[in-house]
C-alpha cells in the first residue's frame, strides 16, 4: 500500500493549523509524509516538539527539516502544504510552483484575485502577483472543478468559510438581498495562532469575550470577493469578529434582508438543496453549536426568520482548525490528487 | 453603626443572582440582613448551602428561612429583594407591597408597563397587572429619579442593560436611526440560572458557542419598550443571544445606521457626555472585554464606525450577575434608600 | 468491503462514553453498525439527538432502537458494546452472553473477579456473579491474550487505566514497593457522565477544582485487584480523585517508594521496555499533559525521582473518554475480533 | 476621612498579583494610593493599561510612575508593596528599608531565613542577605505578632499558604508525623504570571492538566522552613505542583501519616480549634472547592481519614491571587499599620 501513497510535505508545521494538518495527514490512507519543516525546530524529532503527534503514523520517527526549497524538493514530495504566515508563504509557493509541484497554501497569499485588494487589506505589495491568475480559491463547495486541476490553491480562511457557505447559495438564488448584510462571528483562541503574545494568555482569554480587528478585518477581502461573485455585483458587509474563551470553533451569525417573497422555509429549503450532496456541510433546523463540529470537517448551518423586523438570521459553526484551515486544505488536496474528497477527514 | 443599618431580606437566595446579591450585601456598609429565604434549603445554614458565603458578614450564623410572607414580614426587613423566577416573584411582591414594604424585584415581573406585552412574551396573564403602573423600570442611568421614590422596582435585565446603555442616549440625541438595528449578544452560562438541565452541563457548554431563544427572546420586550421611549416612536430590533463558554459576562455588539452627519467621533463624544457623571458606565475608545467587568458593577461601552458600509458598531460588556442583576438591584436599592448610589458596589 | 465488516451494536449510546464510542466506530473500517439503542431516545434519528454524529458513516440514517434484548439480537450484531450504568449493564450482558454473543462492557459490572469486593464497593449483590469467572479485565496491556478469546470483557475504567499502566510493570519488576502508595488524580467533567445534576453545571465546574468521592472511590476496587495481581500480594493505596475544569482528560500523579537500588533512570528504562511494542502507551522523559492525549487512545507516562525524600513520582495522562472508556473498548473489541488492535483508533 | 488614610505605593503593578493588589487597595477604606509604578507602562494612565481598574477609587486619574526609588519616596508613601520578580524586589526593599519605610514584599526575596537555602532553590547569591534577619515571614496565622512590628515582611507564597495552613497546627500538636508527607497541588494559570510565554497561551492551557517544576519547586524552601519550625525538627516533603485550566485558585491535597491515636475526628477538631478565631481560614467537614474562595481572602480546609491505608488526607483551597498573594499582603499590611486585620478584604 505504501507504494501507492502520495508523498507530501508540510512547510511550517508547528503552528496550530500546521499541527492539525499533520494530525489529519497522519491518519490519511492515501499519503506518505515526505518532509515536515519548521524553521524554529529544525533538527528536532516532531514528536518532541508536538507531543500530540508522537508515535502517530509517519511522524513516529520523523525529524523537522529546515524550510529550504531545495531540500524540500529533494525529499521527493509531489504536493506541498504551506502553513506559514502570509507573505512568507509566497516565498515558498513561487519556487515550488516553478518546479512543477502542486501547492495548497493555508495562508491568505493566494486567496485574492486582485493584487490591489491584497495591498489594501494586507498593507504591502503582493509578493507574487503574477501567480494570482493561476491560483484557485480553495473552498471546494464553491470551486470544486477548478480546484481539481489547479496547480496552486489558496485554501479558504476560517471566518470566510463560515460566512460564505450560508450566504453564497442564497445570493446566487436571489433569496437574500446583497445590501445591508451584518455579520457577527466568534472564534476560539487557536484562530490567533501559537504566538507568544500577552493578549493570548490563558489569563487574558479565559472568562473573556471581546471584539477585535474592527472595522476592517483582513478576511473581509476574500469574503466580499466571493460574495460579489455569487451576487453578480459588488457586495460590502459589516463584519465584527470576536474572541471567545475556547480553543477551537467559529460561530457566525448573519443578519440579512430577504428578497421579496423569501422566508425562513424557502431559505432553509434552498440551503438543503444546495448542500444535499456535500460531504461536509450539514444543514439543519437545529441551531448549530461549535462543539458538534470540533475535530470534524463539518460546517453546520441553520436559519431563522424574524418576521417582526423582516430579518433573515443565518447561523453557522465549524472547527476553525479543520474546516476553517487544515481539513479544508486536505479536502482541496484530495480533489487535486483525484482521491476520495473525504479521505482522511471522516 | 449596626443601629443605623437598614434591615433587608433576600427572597430566593440560592440561584446565581441571589447568591451574588448576598455576596454584595454582605459587604454593604449600610444594610443588615434580616432574613434570607430559600424554599429548597429552608432550615439549613446559609454557609453550608452556599460555601462561598460561609463566614462572611451577617451570613456567618444565618439560616435559610421559609419563603413565607408573614414570617418574612416578621423578620423586620424594610426592603425586600426578590430573586425568584418570573411569575413567582409577583406572588411575593403583591403582599409585601400591600404591607408597605419597598421591593426590588430581580425578575421580569415588573419591568414592562403593558400587561399585554407581558402576555405576548411570557405566555400568560400577568400575575399582578394592577401593580404595573406603580412599578419603575430599574435601570438607574435611565430612570434615576423615579427609582428614588418608587415602592416597587423591576430591576433591569442582563441583556437589556447591555443593549440599552449604548443605544438610549444615541436614540435620544437622534444620532442613530431607530430602524434596522441588529444586536448580537453572548452571555456566560450563569445567565441561564442554577438549573439542573443537561444543556447547561459543563460538558455541553465548554468549547461550545451557540445561539438560542430565536427569534423572540423574552428580554426583547423590555429592550424595545425602553428603546421606543428613547426614540419617541416604536422601535423593533433583531436580537440574537448566544451562550458562551464562560461563567460570567455579557458582550453585546450592535449594528445600527447613523443619522445623517453622525460618525464615530460624534457618537463617542455623545456617549462620553451622556455618561460623564455616571459611577458605573465607562465609555472608552478601547473595545470592551467581559473580563474587565467581572465582579464589578461597570458596563463598559465603545463604538466603531464602519465607513465602508455606513454602519455604527456599538459594543458593550458587563458582568451579567452584577450590573446585569444583583449589582443593579443594589444600585436601585441605594437610590430608594437615599444611600450613596455606589455603596457596597465599589 | 461492506460484506466483510463485522456487525456490532451499541447499547446505551447517549452518554458521553457511548457517544464517543459511536464516533470511533463510525470511522472504524472493520465494523458495520447494526443497532444503536437508547431508552430515552428510542425512535429518534441518532443525528438529531447527537448532532456531532449527524452525517457520519453508518449513523447518517440510523434511528435509536429500544434497548430490548430480542430486538437487539434481531438486528444481527455479533458484538455488543454496553455503555450503561453499572448494574444495568449486567441485565443485558447475561442474555446476550447466553445467546452466544460477545460482549464488551464499559461499565464496572465485569471488572472484578470477586463478587464480595463488588458488594463492598458498589453496595449491592452482584447482578450476575456467575459470569465473573468468564469475564476478562479489559486492559489490553495487561491481559491481551485472555481478551482475544474472551466472550465477555469488562473494559477497564478511566482512573484505573491511568494508575495501572504506570505502576503494574514496576510492581512486577519489583522496582517500587507495594506499600505506601498514594495517588492524586484529576478528571475532566465528562467522567461524571451526562447527568442533569446541579454539581455538574458549567457554573459549578468552571474555575473549580475539588476532590470528591473520598476516601473510598469505587474504582479503587479494580485498581487494587490488578495491583495485587502484579505485586503478588495484597496492595492497598490511598487514592484521591479530583474534578478539574475541563471536558476531557485524566491526569494522575503517583507517589511511591523505590525498591532498594531503583532510581529515576532505572524506572524510566523499565517503563520504556515494558511498553516498547505497545501501540497506545507513550513513555517519555517529558511530563505528560492531558491535552496531548485528547481525542486519542494514548496513555502518556513519565517519571521523576525526588532524591530529597526518596520518592518515585509517576505521572500519566489520557483521554478519559477514549483510552479511559470508548477507545479502550474498541481496542478490546479489535483483539476479540482478530482485527488490527489499532483499527479505528489511529 | 481622606486625611486619616495611610499613603501607600505599589511597585510593579501590572502583573496579576499587582493588579489584584490595586483592586483590593482601591476599595480599602484606610489607604490612599500615593504612587503606582510600572517600568513598562510608566507615563500611561493606570486605567488604560489595566482597564479593570479604570474609574475605581484612587486609580481613576492615576498615571504609572517610573519605578525609581527617589521619586517613589517623593510621592509620600509610608508603606510600600513590592509586586516584582524575586531578585528585583530586593533592589527596592533595601533602599526603602534604609529610608525608614515599611515594606510588604510579595516576592520570595524575604521569605527565607537562611541565605544558603535561597541560593540552593533560587540559584544565586541572595541580593540582600543582611536584611533577612529583620524580615518576617508574612503568614499572619503563623506569625501575627512579629508581623505587627516588622519593618519588612516577606508575604507568604501561594502554594506555601495552602500547604502550611492545614499542616502546621497538626505538626505542632503532634497529630501527624513529620515524615513521609506527600503533597499534590494544582494552580490556576495566573499563578505563572502575565508573561508572554507560549506555554501559558490559552490554547496550551485550556483542556490541559500537567505537572511542572519537578522535583524541586522553589516554594518548597519556604514550605519546609515553616514545617520544620512547627515540627521542631527538619521536615522534607514530596511536592508536585500542577497547572490546571482555570485562571485563579489553588487546590492542595496532602497525604500524611497520623500520629498514634489520631484519626479524622481528632484532626478535624484540632484544625477547628486552631482556626476558631481566624478571620480568613474556614475549616469544614465539606471538601473545599477553589470556586468558593475565588475573589476572597479565605483558605478553606478539610480532612478525610483513610482507614484502609492509615492515611490522613488534608485538603485546602484558596485564591492564589488573594490569600496566595495580594490579599495576604494587605492582611500583613493591616497588621503592620494597626488597622482592622480584615480591612479591605471582606
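All chains are identified by letter, namely A, B, C and D, in their written order; residue positions are counted from 1 within each chain.
Rule of thumb we're sticking to: contacts are C-beta pairs under 8 Å (C-beta built on N, C-alpha and C of every residue); 3 or more make two chains touch, one makes a residue touch a chain.
Please read all numbers here as calculations on a predicted model, not as lab measurements.
Averaging Cα atoms per chain gives one point for each, and the point farthest from that of chain D is the centre of A. Taking A-D and C-D together, the pair of chains sharing more C-beta contacts is C-D.
One simple way to say how far apart two chains are is to compare their mean CA positions; for chain C and chain D this gives 40 Å.
Each chain gets one centre point, the mean of its Cα atoms, and the points for chain A and chain D are 46 Å apart.
Annotation for chain C: residues touching 2 or more other chains are 204, 206-207, 245-247, 289, 291, 294. Considering their complex, residues 26-27, 48, 51-52, 54-57, 207, 279, 282, 284, 286, 289, 291-296, 298, 300, 346 of chain A touch chain C.
Within the complex formed with chain D, the residues of chain C that make contact are 180, 182, 184, 186, 188, 204, 206-212, 214-216, 236-238, 240, 242, 244-249, 251, 253, 255, 287-291, 294, 304-309, 311, 313, 315, 317. Note for the complex: chain C touches chain B at residues 16, 189-190, 194-198, 200-207, 245-247.
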